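Across the two complexes that follow, subunit A remains constant while its partner is subunit B and subsequently subunit C.
Then we have the complex of A and B:
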């Protein structure tokens, strides 16, 4: 019998201790409790857990990944690549970037600083703005799931944004999360708290070097919208093709708040992403839009929740998925309308485009309606490139590859149009074109080996 | 307009029950001894006993489903698994005991109607007490009897197909049925034979705490056509009853099988049914499935499209009143290329009732050129009721066209207003809208069923508008 020694810096109790050191008591306590929950909760199982039936993570050995790489891993070039991406899409944005070592960049925040918008790491927020941070963290409790427990135990750095009452942030905040190197484990954290009538555009980006290094990312993004608050949230997931990615994005929307959530899923070997909106206040409204392009052997799983908890709330989700090669897409969605949420409106649309034999798509849009004065509906389709469309374009001299590109672009267009930030929309259009042309864009260019 | 929640008219129309006249029944609860006693009582061949015991072992090992409706109220130890009401199978109507005839009269099966029926096989408790096959059908080689007789008189056909579409280990309740099954219909239609008139069977539960575990096996040979109708209605009882049937259909090349059910169990019955068909090349299978009664129903008629150009059709209607949960739906599994399926589901929840549509569409990698359409609509009649939709769709072939749509809404204020402005009272207006909502289902029923269903709906709708 061999005794396995903990790998230095690996996901484990020592990594939790490293994060407890210097943290305020409430946070240190929370991390310990989270670690305990993590060790007690079983890994999700395709046999036992309904929403994991089609996504198997039983081979993922979380404790073998490295959460703390030590000082050797600098990651300067990688951070530069992340910054370049931001300059390409949103040069005006304030830029906050984290690696496994914590917050590494905080640039272009002058204008927001002047407005009283707080932008810092979660570690700093825990000390300086504990109430706001705790308010947000309370929506992602560690005991809820194995992955949320792990995230709560091990996040580091990240991006915390607080927008005071009535303040309309003049420029977006761009939060970048990156890591590199086989065996890396990163726990991206983006937290936004918008006080009453505040507004903000937040762009959240996950990326690692192109390639198929075996990495793991466990992320959470609690977003809190006060009364009448407005949040435009853009999410770009562009991990390298070897990354396991499990993420919980959860927004709670107060009275008359409005959320526009836009997510693009391009990278990762396996993704399980929860996109959730809790419509807590009367008149709250959310649109959720996603585009997803899978190729190679990617396994991309989206789970959405539109929970109508108050009267006159509205939600509308559109997810466009294209799968090629052996890629597989899973979409599971739930619209829940609680009894008191009368006069609510919920909608889900999931469209799947199957681009090759071997590609697979599943769609499971569920409705649970407990109020009668509501309108809820959903639609799911799966289809392939229409030969008539292709023929039409080819007969007009458009080469087949170009015809297919146009058709896939056309398929994605109405979702792309719903992206709330123009620069991000243009960036995504370019990335999508590269994907369609057969150049997978999972990952960013960087010479960095480890970060 | 808020539609107020009212109690349903409490009278269960068919909630009469006769004095218990059973002549043989096993002890309460389930054991190898009970299963052996059932098999022995029926003088079954050895292989069937072994089949039953193996199924029992699986049932005992298998966990209760972790999804779907709440089944915690079932007490498996407090159920009679086999009750035989009369000694011998009746050969003619005259031999049927008077009390049972009365039951049928109350159910509205006048003797005169039998003339129009190809055969009447009425299941009373666990054993078929009466069946009658029109002579000319018999001459064509059509077999329509109860499943026990099928096993006895057509052992080769029976054994070839029995348990092949739904193996005992398919799910916990299929295992239970496989262990203790009794009665149900056996239908065999030879190649090329079209049975023009629907074959009908009425199922009844009569004894308190008695589970009914009928088993139906329908085989349509190449080019055959048959329409089988099963209607259910059960008396009211104070404690909960369990009904767990298994229905297997085999539609060979170019055969066409239509199976119509209207389930109206009394509101204390757990109705947990596995229904599955296989459709070979060019075959067509239709499930017309109505769920009005029971406390809890879990039933998802399935079609496995095994041969090219096979077609599946499921038309489902559900109504859930106070205390009821209808968890019903459909499954279409496309194994072969060029197959098509269509699912239409309509459900209404009222007075705290809950309807759930649960469906599964699967397209296997080799099944190209598949077309599927699913349409689910739900109406909520008051704020205490609930409607859920759980559609599962797994597509593993790119050459498909699949659409699924679902809506949940309430009776539109403008619809009501339109009708009322034309002098129709509010209650009638609501009933009209509800009838219109079920129209796609009702129009597929034979006339007498359509009439009965409309009558039942009218009863259910009484007092639904405040």
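Then we have the complex of A and C:
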């Protein structure tokens, strides 16, 4: 029998202790409780957990990844690459960037500062705006799952945004999360609380250097929309090809609130992402739109929840997936309509395009409807590039590769059109073109290899 | 005098899903001429069109097809298009998400006929005006939700913009109202010239009154069974195919 010594900075009790130090009591306690929950909860298994039937993380040894990189990692070049991405898509946006070492950049916030919008790390929010942070964190309880427990125990830095009542944030907030180096573990945290009638565009980006360094990212994004609040949320997942990524994006929408959720999944070796909206207030509505491009051996899993908990709520989800090579896409979606949520509408559509023989995609939406006066529907399709469409383009001289590019882009177009931020839409269009042309865009380019 | 670029089809056999449809088609269409191809439903006209354009579903089982001295059969569809071939589809395919303007730009580029953006848009505008196509169609997705007549106009718009050297028009006149038929026929007329040949598949002599074919051929059971001048089309219109096919069937093979 051999005794394994903990690796310095690894995911473990010492890393939790490091985060408890200096935290307010409520947060220190929360972290301890979360760590305890993490150690007690079993790793999800395809046999036991319905959610995880098709996504196997049993090989993932969380305790072997490094949460605290010590002093070696500077990450300046990587932060610069993240900033470049922002300048390309949304130069007007306030920019907040985090690495494993916490919040590292906060730029261009003047206009929002003047409006009274609060933008800071979660650590600072825990001290200065505990009520708002706790309100948001209460929607992502540690006991719920192994990964949420771990996230609650170990998040650091991150991006906290609070928009006061009636304030329409004039520029978007761009939250970047980045890490680099084999063995890195990062716990990205983006939290937004929009008070009544507030509005905000929030762009949430996850990226690491291109390449296939073995890393893990466990993320959570609690989003709280007060009465009549409006949130446009854009998510770009561009981890390098060696990253395991498990994320919970969960929005709760108050009365007459409106959420436009747009997610793009391009990177990671394996992703399990929960996209969830809880329609808590009467008249709340949400559109959820996703584009996903998988290649190589990527395994990309999206799990959505549209929970109608109040009358006259509306939700509409569209997920477009293209997979190539040996890539695999899994989609599971649930529309739940509670008994009191009369006169609600909920829609789900998942369209999959398989570009190679070895690529596979499946979609299984479910409806659970407890009210009687509702309209709900779901649709899933999966297919290959249509030969007649390809021939039509070729008959005009367009070579096969370009014809396919046009068709795949065309396939994604209606989803892209739903992206609420024009610059992000244009960036995604370009990234997608690169993906389709066979240059995977997982990761950003940077000379730096550790952060 | 050098021979004009010519579409040459000799003894062409083709099968679809294992079933032989073309059974020895012979045809010569030189640039500068308009040839009409008629024939009963199911006689193989569209099959010939697809086979010449290189649709992978149609398998050539014998014979030859060439254009301008090149063997067409080993070429992919896009290579044939770059050689100057064009097909106006009987049933144009919708491609959601791909706008007409982007598609035409990609096609021109592929054909090596790229225009500066401004000039391209001007050309497109003026061709659309001539064909009475609303400007809004530029940004619409190819054939997506178009009416039958709109699709046919759009095919001719592509013909006008892409300027091929040999155009096969498969029932471009079907499903058009009287005014649209004239517009489309005029559109075709404008591209007709010394440097383009046209193989016009049709059921009606009406469009031929506009386009004045140099020859009319009748396809039956996958073979050209009769050829003649414009009067052949008129005769088919008034008497139907029976007398011609009867005579052809009676003739020694």
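Criterion: the second predicted complex is superposed on the first by the 451 of 451 C-alpha atoms of A that agree within 3 Å, B and C clash if a C-alpha of one lies under 4 Å from a C-alpha of the other, contacts with A are read in each partner's own complex, and residues count from 1 in each chain.
The criterion applied here is as follows: a contact is a pair of C-beta atoms (placed from the backbone, for glycine too) under 8 Å apart; a residue touches a chain by one contact, two chains touch by 3 or more.
Please read all numbers here as calculations on a predicted model, not as lab measurements.
By the touch criterion defined above, A:107 reaches neither subunit B nor subunit C. Using the contact criterion defined above for the overlaid structures, shared-chain residue A:430 touches neither subunit B nor subunit C, since it reaches no partner. Once the two complexes are laid over each other on the shared chain, residue contacts for A:394 go to subunit C alone; subunit B is not touched.
Of the two partner chains placed by superposition, only subunit B is touched by A:384; subunit C is not. In the superposed three-chain model, the partner touching more residues of subunit A is B, compared with the other of subunit B and subunit C.
Of the two partner chains placed by the overlay, only subunit C lies in contact with A:402; subunit B stays clear of it. Of the two partner chains, subunit C is the only one touched by A:411; subunit B is not.
The residues of subunit A lying in touch with subunit C in their complex are 386-389, 391-400, 402-403, 406-407, 409-414. Looking at the complex, you find that subunit B touches subunit A at residues 2-3, 66-67, 363, 365, 378, 380-410. Residues 48, 50, 54, 339, 342, 352, 354-384 of subunit A touch subunit B in their complex.
The touching residues of subunit C, when paired with subunit A in their complex, are 53-57, 76-78, 80-82, 86-87, 89, 92-98, 102-103, 106-107, 110-111, 141-142, 158, 162.
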